[in-house]
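Each of the two complexes below includes subunit A, the first together with subunit B, the second together with subunit C.
And then the complex of A and B:
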């Protein structure tokens, strides 16, 4: 197969599709085929976005959401890493606790959000707690997975050469498990961010999520789209940034 | 492959209960659950404010009261209906998009990046748009659930369709199989394991989407009642309702997981194709 030319064609189809979608959207917006409240024209969204970037409102809300993300992630990372380490270093502990944690994670935690709101109120603390809970599970599960999958031979060799617990952790377990653990941290951070946005939407005063909802309820869709665009950009930025970070910890030639 | 870092137990031989805890994993797991519930029960009576957190016994006591309310039963059944419809639509849509995209190298190369691009958009940010477009009734919950559930299905169907061997397709075609027969007898059986893996992930995602939308805005659905109970400081009822929802989620997840096990029993473990991400 002539893969060179078909690769070029595939790229052309992708660009063409996205461009056609945008043109159609713009055309529909300009000709007022769709109610601007339901779908504002791309140009209107673009100018709102530019205007928004010059005011401080965007950054105030971004700061609130970021603060919630950082605190929630730190709590989740501290709890997930330590618990995951203690569970994962014992084979029996892994057998007992891993299915329990995986089982709880299989339930969509979003149904417990009303409990978080009741307990922590509608301020930032309920978002921090909710984001931390969601981020905790990928972190703890990956830490358990990473630690328990360290090649048995490394552990035995280190033991035979007289490594103590600290040396075992520092020199054997941590380096060998790090790629898997870092993957868990990345997934936890992304899930934490999205769940914080989601909980802000359902009940919140400040933050990007509640701002999107407030604008939607005020039928100010052009500005709402600008906010949504901003959150999407931010999420993609977060994801690519963390992926690059993760790539630095990957085992060379591992391919994962 | 797992590591036993702890030295074998050499200290004084433990007594019966401890030995059982240290050797019988299932027993230990149940013990952990009971321990957590007990801790919760005790904390519920001492540390926590009864207006905000209720102990397990109060939740169980509130279950009959909550479940005897016809409005609650209606709300639960509406949520169940939304979940089933959304999951079914995600399955059908995933197959309709995934098979044509995955079967040919060229369609995969051109369409897969577009699908991944759409998948990388955090859908929770566009939840208000779904309400704007589909209204506050069931339609918006179903649509939001489909938007979550369809991507894992599409990606796994693509991965499954890619594993269909060209030789099998050629053989079927040369023996005069029609397009439908090829689909029914060659392509679908080939991608069963990966399809069901996608369905399992799709079910989890559908649950998330539908419940998120339900909590976001609801007129007489589950979201309405959780809000009502928490605002009227009736935590036992709210915890009972959340328990019902959790049970519904577990049952749906488990159904799909069992179906996956049944459908792929003839495959050796670890043979199933991975999602292309």
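And then the complex of A and C:
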């Protein structure tokens, strides 16, 4: 009951915060405190947004970005989960590879973007490869962490009761590691989205990121903000979906 | 009161559910240091008896239990269960109740028992019925859809007990199953266990550090020495099962307990004395121990 009401309170404050931000923005636009070319009024952006939603351009760009995200994420998840599992199962593998991968992840991999462009061209392939590379790290690191940190007691008791390898994986390692792994997938997806949009902005033809940069350069800021708004909505949707996924796989009684 | 002085008593082979023959064991820690835990332990556990292992903390009781259960390899010597040497886990012959809580937090109580049955290889259509039966036996039917974190410590231990009993092995190895509980709950669960087991004719090895629990539950009590553990003495508790709470208030009970403490005292002193170091501190500790020995069960 208590946690319920405090949950609602927190949600109300979050909504209020966003609303206040919009009001401030609107107020600044009304009073012409800021040049409308630099920061168009929210109403103008809103109407642009509605108009945009009726054209096909938005969906073409959305589809490109979405396709890049889905493919990049799938590649990252497949590589990260399987590699993470095999590294995490072996104590020695964990000791060797965990710090190595964590170290590489600490490097701003975006410095290698030109290499990606050289290898994969300026089209979606380079965005997919770049997004997959970035998303791979949180996924593999969390999978290693999740699998290698499964409480030894559970493994021992399962072994004592006669669990074979498949049962050990399905009934012990996977459920024990899943919350940490799903967190990795969530972070991977969000970082993947970020790096795909980012790489589109730096060097791209199609996709939401490229479109935002192009509109900005053309001083078409109202439409640019409509796109930005759209990306923000999409990110919120993505994050909400992923949080639900995360909650579904949480171990009952954890973190209480 | 009777003390069987001989060690590894000469029971006829068919009467022994478990034979431990000259088992020694050492751990090698990461830095290469060798910690010897068991020193030439020989012991026969009779079919259908409840045997208590008692000894100073850290002496090697859990290690011995894990070797008997096939979870650890003996350094030398061997363990036979039903006449066959143990080389690994033997889930059809023996089940465990571990010292620490090992219920899976991601499963409900019912699913915890069902998963155990799945591991043991029980056909799927029998699991539900057997799991419910086992939970019924420990009085947890109402809570079968709860998760472990929603249960009290005592209920969790009962659930672990139900999980072990559902496997219907003839041998159950219990490592301080009630250690985390308060004295009253522990005595109460001990009584329940005594009743439950009197009906079942199982062979039980129970590790405990409670003198009262050992005397109340055991047919025989094995006193272990400080690390490396060897067998110091075996005490026969000649009292029928199930035992009445009145037994605890009797003079016989007190006699057994005092005898047991007599054997343990020197070993505990070795452990604690070595840990504390200085003579003055050792004196203080010794007084502390004899005080705690005075409390009634």
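Rule of thumb we're sticking to: the second predicted complex is superposed on the first by the 223 of 256 C-alpha atoms of A that agree within 3 Å, B and C clash if a C-alpha of one lies under 4 Å from a C-alpha of the other, contacts with A are read in each partner's own complex, and residues count from 1 in each chain.
Definition applied: contacts are C-beta pairs under 8 Å (C-beta built on N, C-alpha and C of every residue); 3 or more make two chains touch, one makes a residue touch a chain.
Predicted model, so just to flag it, every value in this text is computed and none were measured.
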Using the superposition on chain A described above, determine whether A:112 touches subunit B (first), subunit C (second), both, or neither.
first
State whether A:224 touches subunit B only (first), subunit C only (second), both chains, or neither.
first
Answer with first, second, both or neither: which of subunit B and subunit C does A:175 touch in the superposed model?
second
Have a look at where A:82 lands relative to subunit B and subunit C in the superposition and call it first, second, both or neither.
neither
Once chain A of both complexes is superposed, is A:198 in touch with subunit B (first), subunit C (second), both, or neither?
first
Which partner chains sit in contact with A:160 here, subunit B, subunit C, both or neither? Use first/second/both/neither.
second
Tell me which touches more residues of subunit A here: subunit C or subunit B.
B
Subunit B/subunit C common contact set on subunit A:
none
In the complex, subunit B touches subunit A at residues 1-6, 22, 25, 28-29, 32-33, 52-53, 105-106, 109-111, 113-114, 120-122, 124-129, 131-133, 204, 207-208, 211-212, 215-216, 226-227, 229-230, 235, 238-239, 242, 245-246, 249-250, 253
Subunit A contacts subunit B in the complex at 1, 6-7, 9-11, 13-14, 17-18, 37-38, 89-92, 94-97, 99-100, 106-108, 110-115, 117-119, 147-152, 155, 168, 193-195, 197-198, 201-202, 209, 212-213, 216, 221, 224, 228, 231-232, 235-236, 239
List of subunit C residues in touch with subunit A within their complex
69, 71, 89, 91-92, 95-96, 98, 100-102, 104-107, 115-116, 118-121, 147-150, 167
Spell out the residues on subunit A that touch subunit C in their complex, using ranges where they run on.
153-154, 156-163, 167, 171-172, 175-176, 178, 251-254, 256
